[in-house]
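Some structures to go through are shown next.
What follows is chain A paired twice: with chain B in the first complex and chain C in the second.
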Partner chain A sequence: MMGKLLTADFLKIKRKGLWFLTLLGPIGVVALQMVNYGVRKDYLLQQSEDDWGYFLLNIHSFTPLAIVLGIAILTSFMASIENETNAWKQLIALPVSKLSVYLSKFTVLAILLFLSSTLLMIFTLSYGLFLNLGEPVPYLELAKFSYFPALAALPILALQLWIASVCHNQGIPITVGIFGVIFAYSSYVLPDWMIWKWPSLMNQWDEPIINVMLGVGIGILLYIVGVIDFARRDVK
Partner chain B sequence: MEYIVQTQNLSKCFGKEQAVSNINLQIRKGEIYGFLGPNGAGKTTTIRMLLGLMKPSSGTIKIFQKDIMKERIQILANVGSLVENPSYYPHLTAYENLEALRKILGVPKARIDEVLQIVRLKEAANKKVKGFSLGMKQRLGIAAALLHNPELLILDEPTNGLDPSGIIEIRNLIKRLPKEYGMTIIISSHLLSEIDQMATQVGIVSKGTLIFQDSIEEMRKFAQPKVTFKVSNSEKGWRSLLANGIRADYHDGVIFLEECSDEKVAHIVQVLVQEGISVFRVEEEKRSLEEIFLQMTAGELTI
Partner chain C sequence: MSAILRAEWFKLHKSKMVPIILAGPVIGLFIGLSANLEDNMSGIPINEWYIALFSMNLTYALLFLPLITGVFASLICRYEHQSGGWKQLLALPVTRGKVFIAKYVLIMLLVMAMQLLYLCSVFAVGLIKGYTDPFPMEIVWKSIMGGWVATFPLVALQLWMSIMFKSFAAPFAVNVVFTLPSIFAINSERIGPYYPWAQPFSMMYIGGSTDDVFFVPWEQLLTVVGGGFILFFLGGYFYFQRKAI
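So, the complex of A and B:
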């Protein structure tokens, strides 16, 4: 059943700009560093002995913002496909369980998110090589900076999908999304328990892996809460 | 007799408001069941519960002899539906809309062309639904409901927003389905004339309760014309008619009879004249189904 729902959901996101956004996010993040390094490459290279590490940190300064903003827009678009003409009632009157309908939406979004992360890794590597930052290339660090923020952002994805699919007024998830972006922007001053801080990979122990584990754990928890609430509600 | 749809004391409350109370539907195979009621009587709520979109507050629903709460997915595999306004994905073409549903239902691709043919949308198949007229969207909704050749088809106000030729087209289509494919159809409407031309069985809801459920013929019996007699001394006339073994009714100074043959009218006039009563007027008064419907649902009237 999941396979059928997934192919149907991928058909539905056609011409909705979701693929374009998935591509735009990582391009935007790397493009900002293209400007940064294009203007003052010599100065930036003097800042640190570890040119690759410094470059990755610069890239990473915008990744959380792009992810939080991207998730808010993607989930809202995704839910609006069904909300627009209240197609939920048509979809749920089909021989499918509500749990799998929700899981399918979540899976499509998660796939888009990880596709975006992969593109970020490719673009970062390409531009890093272009800048000639030297050998050896820190592949492991590169992968961490590409995938860890997305994993740490899973609770935000679960929360936004929940709000977007139960609220008929799309103003509400968008508002929550905007607050999320503001929170993500001020990660430095946020306490560690705020989920919007996690994609920045900062915490008091300075261990990014804690954010990833928290992200996956709390992400699953919020997903379960969302799916239970979604299944419980009457379809209007 | 086996019922395709059977509900028992089906009720639904929204907070304190009782939207549907104790509805017992009984629908047999091959019937076109007209589900009638004024706006806001609880038709759509009942239909949503039949489709498992809403959970009943109390009561049970059995479709194909199975409980909707326990075997929802198996039941819905054989149910096609169009609830209220048609749902569609405006950014996709008609064909893609059906394809998105077909993938989930797992029917062969050729079926899309078939249903598009049935609702005559073949020429518009590759146009985006965004630009469709309401009638075309409605027909697309019906095509979607027919996609998996369901045994039970539930249509909520399917002719809403259609022009007269569209209404006739849909009506003919709906009449054809039980004969050709053995489908059972539930069709809801607030227009009696509509149901009158299609349905074999009728259920009327008012304020959330089912106030009538029988064949359309039974319903039509309510619409028999009655003959009224205006005479000089109606009470005396009425008594003499009763004395002659003619069962007439007397009300507000008028004598009236239900179901009256020409011979009977002649006989009555003869009796009255022999009694020395002047007959002023003999009139036939036709009651339309609409009137009966309004009478049955009286109290619901807002205008």
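So, the complex of A and C:
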């Protein structure tokens, strides 16, 4: 059943711009650094001995913002597909459980998110090699800066999908997304327990892996809360 | 015209617009109370209000204001996109041009209301932190009004996009794509003055020159904000005239 639901959901997001946005996110993040390094490469290379590390930090200054906003957009799109034509009713009337409908939507979004992270890694690596930042290439750090923010953002994905699928007025999840990006932008003043701080990989122990573990754990928890609430509600 | 405006208002005022308009002052309070610039600046003889305004206006004008205007624009088209609302509205004895202008005017009034509420939140932050310096009324007004004027072209584009797309997410995506680069644009002296999405920040940035009415020179205001407004407003206006509903 799950496989068929996933196929159906992938069919539904065709030609809606979701694939395009998944591609645009990482391109945008790297393109901003292309402008940055294009304008003042010499100055930026002087800033640090570790050119690769500094480059990754620059890339990472935009990744959390792009992830938070991207999640808000994709989840709202996902819900709009059903909302616009009142398709929730028809979807739930099929011999599928509400739990699996929700899980399928979540899975599709998570796949898009990780595709985005993989693309970010590829684009970062290519532009880094193009800039000739020197040897050795820190592949492990590169993978960390690409996948850790996405994993740490899983609670945000669960929260946004929950709000988007239970609110008829999509203005609400979008506004929550805007709050999220403001929090992510000012994450250095946020306390460690705020989920919007986690994609920045900052915490008081300076251990990014804690954010990832918290992200996966709380992400699953928020997902369960969301799915229970979604299953209990009337389909409008 | 006033009848259309009133009709738009009736449609809007029960559509959960109030919590969204309150988002402005809430964000203002959050930034104002969470920033601790005072510690870094103690000893420097500067009006305490400026410190609060610096940190609050940065995040508010750079990201929040451009993004939230798009939500207002989408909200105002929401009823029409649901189950043939455009057909019902345009079957009335109104012209499409008037409908477009009425929607635009109402969004600008909402943004104005949010700016005033934000002003209240600036004031509240000062009261909570116990500032004793005189309130820099003139500078704050310049900043509030400037931020409002700077959203003119942004709202026009967002209204255009909101009429074009049925979902909230698509116009928001357009908005995000243009707004995020302004974080970079404001750091560049060459691009910053010409980037329409960076204008709310420039117009609210209290460090600018205070000789003019606003914090940016008139030429920049007229060409970038005015030019952008004319381009996007006419684009949306004529798109709506020809749109098949």
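Quick note on the criterion: the second predicted complex is superposed on the first by the 236 of 236 C-alpha atoms of A that agree within 3 Å, B and C clash if a C-alpha of one lies under 4 Å from a C-alpha of the other, contacts with A are read in each partner's own complex, and residues count from 1 in each chain.
Keep this in mind: a contact is a pair of C-beta atoms (placed from the backbone, for glycine too) under 8 Å apart; a residue touches a chain by one contact, two chains touch by 3 or more.
This structure is a prediction, so every number in the text was calculated from the model and none was measured.
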> Touching A:N132, do we find chain B (first), chain C (second), both, or neither?
Replying inline: neither
> Any idea whether chain B or chain C touches more of chain A?
Replying inline: C
> Counting only touches as set out at the top, which of chain B and chain C does A:E84 meet: first, second, both, neither?
Replying inline: both
>> Quick check on the superposed pair: does A:Q47 touch chain B, chain C, both, or neither? Answer first, second, both or neither.
In response: neither
>> For A:V39 in the superposed arrangement: first (chain B), second (chain C), both or neither?
In response: second
> Looking at the overlay, does A:S97 come into contact with chain B only (first), chain C only (second), both, or neither?
Replying inline: first
> Should A:L65 be classified as contacting the first partner (chain B), the second (chain C), both, or neither?
Replying inline: second
> On chain A, what residues does chain B touch that chain C touches as well?
Replying inline: 84
> For chain C, which residues are in contact with chain A within the complex?
Replying inline: 15-16, 19-20, 23, 27, 30-31, 34-36, 59, 63-64, 67-68, 71, 74-75, 78, 81, 166-170, 172-173, 176-177, 180-181, 183-184, 188
> Contact residues on chain A for chain B in the complex?
Replying inline: 4-5, 7-8, 11-12, 14-16, 81, 84-97, 234-235
>> Per the contact definition, I'd like the list of chain A residues that touch chain C in the complex.
In response: 17, 21, 24, 28, 32, 35-36, 39, 62, 65-66, 69, 72-74, 76-77, 80, 84, 169-172, 174-175, 177-179, 181-182, 185-186, 189-190
> Touching chain A in the complex: which residues of chain B?
Replying inline: 48, 51-55, 72-77, 79, 81, 83-92, 96, 99-101, 103-106, 144
